[in-house]
Amino acid sequence: MADDLVRGTEICADNIGADSLLAKGSQQLAKRLMEMRRYSLALSARLTAEDQCVQAMDDASPTKWHLAHTTWFFETFVLAPMASGYRICDDSFHYCFNSYYEAEGPRHPRPHRGLLTRPSYEQVQAYRAYVDEALEAFAASARAGEADAQALLEMGLNHEQQHQELLLTDILALFAANPLRPAYEDNGAADAQGKLQAQNGIAHTGDAVSWSLFEGGVFRAGHASQRYQEERGFAFDNEGPQHDALVQPFRLANALVTNGQWLAFMADGGYGDARQWLADGWALVKLEGWNAPLYWEQRVGQGGSQWMQMSLYGLRPVDPRAPVCHINYYEADAFARWAGKRLPTEFEWEYATSHVGYRRHENESVRFAPAPLRHHGVLAQMFGHVWQWTASAYLPYPGFRPAKGAVGEYNGKFMVNQHVLRGSSCVTSAGHARATYRNFFYPHQRWQFTGLRLAEDVL
Amino acid sequence: MADDLVRGTEICADNIGADSLLAKGSQQLAKRLMEMRRYSLALSARLTAEDQCVQAMDDASPTKWHLAHTTWFFETFVLAPMASGYRICDDSFHYCFNSYYEAEGPRHPRPHRGLLTRPSYEQVQAYRAYVDEALEAFAASARAGEADAQALLEMGLNHEQQHQELLLTDILALFAANPLRPAYEDNGAADAQGKLQAQNGIAHTGDAVSWSLFEGGVFRAGHASQRYQEERGFAFDNEGPQHDALVQPFRLANALVTNGQWLAFMADGGYGDARQWLADGWALVKLEGWNAPLYWEQRVGQGGSQWMQMSLYGLRPVDPRAPVCHINYYEADAFARWAGKRLPTEFEWEYATSHVGYRRHENESVRFAPAPLRHHGVLAQMFGHVWQWTASAYLPYPGFRPAKGAVGEYNGKFMVNQHVLRGSSCVTSAGHARATYRNFFYPHQRWQFTGLRLAEDVL
Amino acid sequence: MADDLVRGTEICADNIGADSLLAKGSQQLAKRLMEMRRYSLALSARLTAEDQCVQAMDDASPTKWHLAHTTWFFETFVLAPMASGYRICDDSFHYCFNSYYEAEGPRHPRPHRGLLTRPSYEQVQAYRAYVDEALEAFAASARAGEADAQALLEMGLNHEQQHQELLLTDILALFAANPLRPAYEDNGAADAQGKLQAQNGIAHTGDAVSWSLFEGGVFRAGHASQRYQEERGFAFDNEGPQHDALVQPFRLANALVTNGQWLAFMADGGYGDARQWLADGWALVKLEGWNAPLYWEQRVGQGGSQWMQMSLYGLRPVDPRAPVCHINYYEADAFARWAGKRLPTEFEWEYATSHVGYRRHENESVRFAPAPLRHHGVLAQMFGHVWQWTASAYLPYPGFRPAKGAVGEYNGKFMVNQHVLRGSSCVTSAGHARATYRNFFYPHQRWQFTGLRLAEDVL
Amino acid sequence: MADDLVRGTEICADNIGADSLLAKGSQQLAKRLMEMRRYSLALSARLTAEDQCVQAMDDASPTKWHLAHTTWFFETFVLAPMASGYRICDDSFHYCFNSYYEAEGPRHPRPHRGLLTRPSYEQVQAYRAYVDEALEAFAASARAGEADAQALLEMGLNHEQQHQELLLTDILALFAANPLRPAYEDNGAADAQGKLQAQNGIAHTGDAVSWSLFEGGVFRAGHASQRYQEERGFAFDNEGPQHDALVQPFRLANALVTNGQWLAFMADGGYGDARQWLADGWALVKLEGWNAPLYWEQRVGQGGSQWMQMSLYGLRPVDPRAPVCHINYYEADAFARWAGKRLPTEFEWEYATSHVGYRRHENESVRFAPAPLRHHGVLAQMFGHVWQWTASAYLPYPGFRPAKGAVGEYNGKFMVNQHVLRGSSCVTSAGHARATYRNFFYPHQRWQFTGLRLAEDVL
């Protein structure tokens, strides 16, 4: 399984920014689908049935639920309507594993997903096998080659990739709530590295920030393919329609903000200074007592106190060179204000990425946590480390129309109260990232692999 | 395992009201302890690791946690201080499995017990085996024969019996929250019986209530043994000191209130009539929309609607002859007021039980749900069906002093805001019931096996 | 108006314990009624229309609402059904000023009483005048001499006296929430006295506690008159039926617990020691951060910090000799445990009061705050300073039956989750106190004039 | 006073869109200031002291508090730092009447503003008089002519105008929570008109919507004056910097959505159809049971049921021709989706307004409620009826920098989680509206005078 994961990483590196996976006929699509499906199982294989059953909080879902829901998605939106002769695996799963599709009827409440000890782990495994068999056959059939089927198969593939990332973020949330602080993956080397960093202390706050300058102007923003077209690759509906957007001249930092820089913000009283914060954020700082990123904890030992960070590798010393992670929009915005800078808009981020061409991200030996910068350069770390908060609210692009029916609920109904994040993270699945990709979360949410990159005006 | 449970039932029948189990030397104590410990495992054996990991709500705990906490109790209060050479199994368990003992230091928050996917099911099994080995050896040792050790061993035994009942109430809560409505035990016969009842409809509301009359006066209430004394049997500290109490003349119903009678209360608009309710109860009726006992649900079919009841046997038609169960104090009090009667005080209940002598309760074929009355008689169903809400607040008896140290937190610190329940339920462990036993829950709580028996004044 | 209040005090002193006011014919009843009604106006006269309109929290009501509700009570339960030709003043007031009588239909939500800027202050004054005119005429009529009318008139009188006390407790809550800390009454002398005490510091914790011993046994508890009978005086229904009660031998402290003693509890870490607290109380200590009685605040000045207390006289230094006030049941219970004592039961309190005969309480120059002990003696300060928490839950006496109809909701429906307080406070209206009187509040409530007196077992 | 208000209306009509009030020397500024200050008093003059003291909910503030806070604003930001020899009126007011300026230190909690019965109504009147005297003198002084002083005086003037509108929205919230449904202004004519409409029933849903087409492109958005410059008129900092913005071709409805159209949405099940709603909005629909705009209530009479609307004129039948009012963003968005249209962006709204030139809005006889359309035309009702929700999140314009110091908190720190509204309402003060004005509220808020105008794409 370790092999699978390393390969996973390599695939990721190869395809980042490749404007999605282009299918060469349905045989290849079937192969890609099954590989993707196996990767979900590989991610869950190191977890016990108990680990897979529980959710740490309302926002998170159990591993088992992710595995079943993504299966239900293929069954409901592809197999049931399109695969002739397909029989629903188990009627009761429809209620259990519908996430939020109102058009599909009533469903198990989200905060109670962790109560579903039945269907059991074994039943969910069997559900996946049952659907995979039908899915593989369907994907190789003539019907799957038609445009609507292809679009839905690609959507199902990309949907499950999103849940692969959520599966990891949610397991981290669960393990961070466990007093034993278990590791999702034991990684001796990484640990040793972590300990090394710890000796260096927090004085090391990374190199000075370097910037890239962009002239701005009107450019074509968004993805050209609103519904899936084979030659253009897949994109979610919220990435289109492609349209003209205008950006003013701006500079974008060449690297992500690091833990070391964040420690400087903390040392300067950043979490205690109302002037740095949006009012809604400041109210939460006081209410919830934030004083560091999520998953950071201060351990006091002989040599003084040290900031530790819970991660998929377990509890490790904070590495000052690594990108800061697990911060929310309010924190990102406050840091930027404290630094005298600001967050980029989503259009600035996309414009810059498109103009420079994305750097193929470094081949990381560490996959389950963001890694320190290895090589300086223009717009390094755009993908593969942390999602980057932007100043843009998550709203529809001009002319946006969601698809008819239940799948139209996929993105459109969430277009309020959230902010766009761009790039991808260390736990984003291979081939899932794009320059036009729009991730989105609420400003208060911290449990995703989220960080920031600074921007500034050109005066 | 089915054998074990049937034997468990028989033991229960034999010992109810036997004023606890008298130990004949430490060999026998060791034997009793190990039998009791095995019974916990037998109760959990039909559950998956997933089932054992989750809690349905803050008030409930996971099966696995019950198994570990009771083990921690023996380790912390018996083995660690008294068994020479005993080594703590795992230091991290102290934080995980301390329930509410402030004197034992910080502990995992109760609402997060269901997040403990680690320690795993297997680790908890190993923890039990490790402690059981030491416990069996200790119980057979000379040290265990000393009064303080005996008292704590008996306390540990009775403590775990309480958790055996909680384990079952908490699994029912979990399965009732599951859309599949799984059964803890499949029981074809019981199911058939249930279906039979359903055909009878709700017209059958049981026989007319018959009453026993008691003259009252001053009597010795409570248990004579405040700390464990072998010749008197075990009692919890809250059952003493024994003291004079005064009761007025009263009548007590010879049988429990049935589902059929409860259906009549519902049909008469009982849940919609403010006059029947205490003000705090009425506020909750409106806020939470109560319209039937917990776990009842109305299913609409061809022949009209039918009330079903979720139980450890799964979802079954409500049997109008069985005692009503899973009602809280407000409901019990409202029913009594509607019926023109009242709840007995805990002293009336104890006085009556002591004077009549408890009936050996019928040898039930059904263990996991309260059963209909088989034989009419004086004070039938005092034990073994449902805990009976009393009008008495849970307060200390005159002269009550909790023990020193952490075990003093066992009962005393809960003596406010709760009401006393008397008797025992169908899921109370064998040998655990007593005429002086004081169970207690908050007036709003419904998930225990709780019902009522009516009383009335003699004017 | 100051005159009125002083006379009020004198009446109070004369009648405490006089087993209620005996009416000598209806002329006298009319006179007593109108005096009582004027006293409500006198209490409110020093407040602005704004002060009278607002409620500090859900538990409290606006002064204006108290004035109108008590008027509505006479109109609804006396004048409308009994006074021939009486016409309702304004139909809309029924919805606005019904407190909690379900039988009287829907009503304005309690937490929104403070939103009722209309009916205006002037309209409420006019409402009182309108009803008073009818009430005075009715009270002098033949119909008023019949038993049912007399009972309801007495009930209305006693009901309004309860609201007179609530009016003062609720104004204190309002003024304590005001950053200007306004005084309900400016009292230079009292202030000077307070300052004097402050110089004495907190070292002075009062004299050693002296105790009275009681043998206990069976005695007649409660009031003989369940419905009003002229020769026996008025009592609320919850004070009866009179019945035999049994108390064990006990000692009762001759004086109330003082602020000085409370400061010693605080200095000993009482608010930080879980062992002293009931579990429900301890949870609130941590949640709400209690570290002193309600209305205490620490002011830091040149000579160090000083505890101040908000009162109806404004913010004053805590007087270590005065009875501690504004503590809840959890605090009272924790203090008693810390002191190695306990709270008395309500029956012990009543037994002791009946046996000793209540001391006529000292003629206080200070009426709006509890005063230091002037003269030592047996069971001093039983009345007229602070309500005394008892260990007894508020439950019905044996044979209790509430009256038919809406007035039956007066007391009975609250008999759960609360504790009984005995005695009376410095703001209890003249003639309202009795040895059998049962006041009741929830264990967490602190805004009433509540304190404690210790008891202990005789071993 | 009625005169004042009518004049107020006329001033409003004259100046709408006049790009703010141009001062002709400081004499005129002083005159404008004093007129504006008197208008606040005129608005409050018909309210009792009680009405002025209370807040209906956390979002609303008491009238008295508005009067005092706006005074404190001038005192703190103008007089104290700039008027030589000015003495603070009362130090305690700083804590009471600071709204949200963290840089000005701790302040009275917003949800407790309604508890401030002191300082009294009279004290606040005196506070205003004291500050007005100093303000008038200062405004006429040489110092006031300097740029920084002028900017702050204009800001204080515009700030108080905002509170004039809030005063009216908050009084409506208070009166709507009052069971007597009092009217802020009794208006017989309006009432009669309302009754007339009621007879017409809900069949009349207004004329067909007519549209204006706009070509779009890059235009200069925002106000040219970021800090106050006399020749350009006043604008808030959030209206700048002026910058290029790009809009696609679009159509904008020539009239506001009416109550009649809203009734059609309701009749079509709009509040019960998840497909029409953003997910966050749908969750609130179900949680809070929305089924009509805020302040609508259904009254059942002889002739069937009728929708009534609480307004500043009291409770009146819903007029199907009047613009719908008191809806939140979720409702506006759902209506637009139901209608097959969308909300305009704030830039579309501003672009259209700038190109067409705003229509001088009709001289309404009704000021305290939005009025039906009188004359059809291009972009009617852009100002003076209801604020119009836009699809734009409230975010900083490119290059936005808040001012240094406390006044920098005025707008900037709220730029998250809210949506922009454009135009002005029937209760917006005269001269306060502008084409570049950006009002903002949270998507769930309904108590403002908020409605919508539809837009659609040009395909």
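Letters are used for the chains, namely A, B, C and D, taken in the order the chains are written, and counting of residues starts over at 1 for each.
Keep in mind that, in the parts below, a residue touches a chain if its C-beta (ideal position, glycine included) is under 8 Å from a C-beta of that chain, and two chains touch if they have at least 3 such contacts.
As the structure is a prediction and not an experimental result, all values here were calculated from the model.
Participant: Can you name the chains that touch chain B as well as chain C?
Facilitator: Chains touching both chain B and chain C: none.
Participant: Between chain C and chain D, tell me the centre distance in angstrom, where each centre is the average of that chain's C-alpha atoms.
Facilitator: One centre to the other, that is 47 Å.
Participant: If you average the CA atoms of chain B and of chain D, how far apart do the two points sit, in angstrom?
Facilitator: 60
Participant: Need the CA-centroid distance for the pair chain A / chain D, whole Å please.
Facilitator: 40
Participant: Spell out, as numbers or ranges, the residues of chain C touching 2 or more other chains.
Facilitator: Answer for chain C, listing residues that touch two or more other chains: there are none.
Participant: Once you've mapped the touching chain pairs, tell me: line, ring, star, complete or other?
Facilitator: If you draw each chain as a dot and join those that touch, you get a single closed ring.
Participant: Could you please write down every pair of chains that are in touch?
Facilitator: A-B, A-D, B-C, C-D
Participant: How about chain A: which of its residues touch chain D in the complex?
Facilitator: Going through chain A, the ones touching chain D are 100, 102-103, 218, 243-246, 248, 274-275, 277-282, 329-330, 333, 391-393, 395-396, 398-399, 413-417, 443, 457, 459.
Participant: Mind pulling up the chain D residues that touch chain C in the complex?
Facilitator: 48-54, 56, 92, 95-96, 108, 112, 114-121, 174, 177-180, 182
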